[in-house]
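In the two complexes that follow, chain A is the common piece, with chain B as its partner first and chain C second.
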Partner chain A sequence: MSLLRVEGLRKTFKVKEGGGRDRTLFALNGVSFTVEAGETLGLVGESGCGKSTTARCLVRLLRPDAGHIWIGDQDIAALPEPALRPLRRRLQMVFQDPSDSLNPRLTVADAIGEPLALHFQLGPGERLARIRELLALVGLKDEHRDRYPHQLSIGQQQRVGVARALACEPELLILDEPTSALDVSVRGMVIRLLEELRASLGITYVFISHDLSVVRHICHRVAVMYLGAIVEIGPTDRIFSSPSHPYTEALLAAVPVPDPRQRRTRPILAGEVSSLVDLPKGCFFFARCPVRIDACATTPQPLREAGAGHEAACFLRVPERAAV
Partner chain B sequence: MRVLRYVSKRLLFLGPVLFGVVTVVFIVARMLPGDPVHLLAPRDADAQTLAVIRTELGLDKPILAQFARYLTDIGRGEFGRAIHTGNPVLVDIANRFPATLELTILGLSLCILVSIPLGVLAAVRRNGPLDHVSRLTSLLGVSMPSFWLALLLIYTFFFHLDLAPPPLGRGPIGFDPPRVTGMYTIDTLLAGDLAGFATVVHYLLLPVISLALINMAPLTRLTRASMIEVLGSDYVRYALAAGVPRRVVQFRLALKNALLAPITMIGILVGNLLGGAVIIETIFAWPGLGLWAVTAATQSDYAPVQAFALFAATTKVLVYLLTDLAYFAIDPRIRY
Partner chain C sequence: MAKLLRIRDLHLRFPTFRGTVHALNGVDLTLGAGQILGLVGETGSGKSMTAYATVGLVPPPGRITSGVIEWNGRNLLRATDAELQRLRGQEISMIFQSPRTSLNPLFSIAQQFEIYQRAHGQAKGAAARAQAHGMLERVGIPDPRRVLRSYPHELSTGMCQRILIAMALSGRPRLLLADEPTTGIDVTLQAQILRLVRELVASQNTATLLITHDLGVVAEICDRVAVMYAGRIVEEGPVERIYGDPRHPYTQGLIASTLRVDEQKPIHIIPGVVPNLLVPPSACMFRERCPIAAATCAQLEPPIVEVSLGQHARCHFAADTGAFAAAERQRAQLAGVRPQDLTV
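Up next, the complex of A and B:
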């Protein structure tokens, strides 16, 4: 059984428009994916595509409007808070901006001790031992224990964020752009830490990022999101070597190449992202797609099988014979 | 230890600040229209009498010499005499300060007790009915001058509804509880005079409410804004995701972090209280320092004006120092 199975996740928000009218913003429009134990799934896409909304639904900071979130054999999508609380231990989140995600009034030991106090009955000695263990696990020194967040470098702060998330021994860690607030050298160190933890603890990650080189490096599988839906999902090497959705192609083409002489041959996108308030009727990507035909405007595009464990939502690129 | 060093360093600055205040107030007082000599002289005094009084007051000397004499007087703790009351300035201040203190402490306490919870609840139930009510009252409070608000209260509650006493000071004529602290609420209670206490509270109602309402708007809005900011931070999200109950997150964790800005604001409000009290005291004929200073200013009575400014400035500097020390206690990020 998969560790995490997400089915048809939908989330809308009410937004006020200029005239004071309430309108509905469709943030998530039927997101489905599974994550196996020990696996790392990358979630990529541009700003506003629903990556963070998905993450917040997974840890139930938001309550999805519809759909299921199966953790093992428990569906947490609609669980009320008291029933949810013991399950929260099993999936934790690491946030993008470490300075914003640590309470400025708590020392490192207090921050890591908070989840311990919530989920375990520990004596003071055991608690301290566990805090020390966690600090060592994320590569912090014992002397960092009594520091406040502002006395740490941003890389150290993010290590505290990771230690805090690991404190309640979760099976699944949601990493919401854990490296995008860090500069490049620190980013490398945090990535290495995450890889080491995965190897030693066998922990499962959902890794949200818009940094494709990091995703390529660390993820086993990648899901590409656009307008609150997954448009392509598959093994990392397949997604990067033979993408099957025009949006994935464009996304890969946008990765900067550190070679000024290399000429770009892959398409660069024109046009605007369609509005989440007025969702397109057909293919979500129609407005910007370089290979669209008239039929795309009216034909919704579900995911179709494009190879082993590889699905894409484009009926032009994924021929009918391969459809499930 | 570092705190002590910080405090002494800040107190050292008090000297230059007060010298600046003294200088400016001295100059401004002499720019007031009118002549203090006429205060003392009989209405039909001839030029010679006026000249004699002028010499007695030292006002015939060059302005710099007057300033030098004023400074040496202050150095000796001699603040001069208020011509319009006939008392030494320090005696007047000692007599009248309790009235002002009582009014402002109660006014500010009421203000804090209402605005902070209102701001917090408005932030927690954002765009709910309470948020709209607080937004509307804040808007009214900001846009209405204090004297107008006070007059409206008097018009409604005294003139029409007859729920409040006339705006004529701290009690009915002849009402004078045995003086211990000079604050009537405390003095009547000390004397065991419950009826007297009720009278005092009755007379305090409108001025205290006016003072509270004036200061409420900025404090409520700031508390709300600060609380919303903290509630939107990732460490609040983290606490929720970790399973801390929502109410604990909102009212314990977030509130503590959100109170820093309101505390700054309270410091500023306390610092401004003496100034704000001037208007309220004038409208309610409240025999406090504010009314005393205004009367002095309108009559070109230099000594009390100067002493009041000095007193207000000192209070302000000390209150700001206390506010900074409060941060020290609340926020571990601040080190001096």
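Up next, the complex of A and C:
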């Protein structure tokens, strides 16, 4: 059984417009995917595509409007807060900017100790031993224990963020842009650390990033999101070497390659992401798609099988197969 | 090619209550008309400060302690505030990182364009409006008439950045300083904006200094690249040379650490951390993290070596191919070290 199974996740927000009018913003429009134990699933897409909303629903910082989030055999999508608390131990989140997500008034030991106090009954000696163990796990020294976030480098702060998430021995770690605030050399170190922890602890990651080169490096499978829906999902190698959806292609083509000999002449995706308030009726990518035909404007595009474990939401690229 | 901008041995200090921060420690830079020079380096390496110093906008308490900034044969460090004010916007323009905070939320785009044009003695009245309209069209804004009536909050980030580019280039400046113009902007939009900058500076023959931490962006649009480390330029040259045969160990490490979307490779790490600029290391600033550091590196300031035509590196071993092989071996070894065991 999959460790995490997300089915038909929907989330809307009310936004106020001028004149006191309320409008509905459709942030997630039926997101489904599964994550197997021990694998890393990447969620990619541009700002506003619903990556972070998905993450926040998964750890139930947000309550989805509809859909299911199965952790093992329990659906947490609509669980009330008290019932949720013990389950929170099993899934934890690491945030983008460690200087924002760490409390400036807590020392490293306090920050890591807090989840320990919430979820485990530990004596003071056991607690200290566990904090030391966690620090060593993420490559921090014992002397860092009594420091405050501002006394640490940003790379060290992100290690504290990871240690805090690991404190309650989660099965699943949601990483929301964990390396985006970091410089190249520090980024490399955090990625290496995450890979090492995955191997040694057998932990499962959902890795959210707009940085496709990092995703290619660390993820086993990738889901590409656009306007709150998954438009393509499949094994990382497949997605990067032979993408099926025109949006995935355009996204990959837009990433600059650090090689001046490969300076691009290929066409650039025009326009901007459409509004989440007035969702397109047919294919979500219609307005910007370089290969669209008239029918795309009115035909909604569900995911179709494009190969082993590979699905894409484009009826031009992925023809319907005969029912098996 | 005539050099429009020439920066020589620029030193910049910030006196703070914890001591003096040595932000720039001898920056040398030249830039000619029509050229795009990429200035790369990690946070705190002095990229932005170099640009701010050029236009006389170093934030207090920063102070330029020595050096020369020559613009068109004139030393800007001796220019009066009024002279600098005239240069900014007319001859030298700047684009900043966050388009949303660079526009005033209380004024419409038309009003802001007008304020800008008036400040720089450009067209007035109807001619000014026509010029603004034309510039917005050139940067690919659909329906400029509507956009001119809009306020920043009604426009997308990409739209705001296009407007700022339009403003910055409306006076046909001879030098454009672009500080991380696409950082935090989605890749598809980034591709559009980079192409726009490239086309506009080519058509106006603008000298451009593009500050970024993204080596991909540099490869995409720059002619030359300068790599900064701890307030100094450690390597500089044509992009093809620097990417193809980097000679400073820091440049090599930076290129090796950059992940690519078009290939999968083991991830490289530059061990250690950037030096504390309150107490900058003597001699070579990179030596504590350098895979090939020797005794000389702690004793002697590394010379600037011309390693190939137009390519300069500030390293004792820049011309020593044997040393590169050693650095390569060291990097390979590091790949096997547990990340927990590396210094942070």
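One rule holds for everything that comes next: the second predicted complex is superposed on the first by the 317 of 324 C-alpha atoms of A that agree within 3 Å, B and C clash if a C-alpha of one lies under 4 Å from a C-alpha of the other, contacts with A are read in each partner's own complex, and residues count from 1 in each chain.
Everything below uses one rule, namely that a residue touches a chain if its C-beta (ideal position, glycine included) is under 8 Å from a C-beta of that chain, and two chains touch if they have at least 3 such contacts.
No experiment lies behind these values; they were computed from the predicted model shown.
Asks: Let me test your reading of the model: by the given contact rule, A:E196 touches which partner, first (chain B), second (chain C), both or neither?
Replies: Touch partner of A:E196: chain C, not chain B.
Asks: Touching A:V59 in the superposition: chain B (first), chain C (second), both, neither?
Replies: A:V59 sits against chain B, while chain C stays out of touch.
Asks: By the touch definition at the top of the document, which applies to A:A297: first (chain B), second (chain C), both, or neither?
Replies: Neither chain B nor chain C is touched by A:A297.
Asks: Between chain B (first) and chain C (second), which, if any, makes contact with A:R261: first, second, both or neither?
Replies: It touches chain C, and chain B stays clear.
Asks: Is A:G155 in contact with chain B, with chain C, with both, or with neither (first, second, both, neither)?
Replies: second
Asks: Looking at chain A, does chain C or chain B touch more of its residues?
Replies: Partner touching more chain A residues in the overlay: C.
Asks: Under the stated touch criterion, which partner chain does A:F240 make contact with: chain B (first), chain C (second), both, or neither?
Replies: second
Asks: Under the definition above, what is the set of chain B residues touching chain A in their complex?
Replies: It comes out as residues 233-235, 237-246, 253, 256-257, 331-333.
Asks: Considering the complex alone, what residue numbers of chain A touch chain B?
Replies: Per the stated touch rule, the residues are 56, 59-61, 81, 84-86, 88-89, 92-93, 95-97, 100-105, 107, 114-115, 118-119, 148, 150, 164, 168.
Asks: Spell out the part of chain A that touches chain C in their complex, as residue ranges.
Replies: 46-47, 136-140, 153, 155-156, 159, 183-185, 187-189, 191-193, 195-196, 210-214, 216-217, 240, 250-264, 268-270, 272-273
Asks: So in the complex, which bits of chain C are touching chain A?
Replies: Interface residues on the chain C side: 42-43, 156, 158-159, 186-192, 194-195, 213-220, 222, 239-240, 243-244, 253-255, 257-262, 264, 267-270, 273, 338-342, 344.
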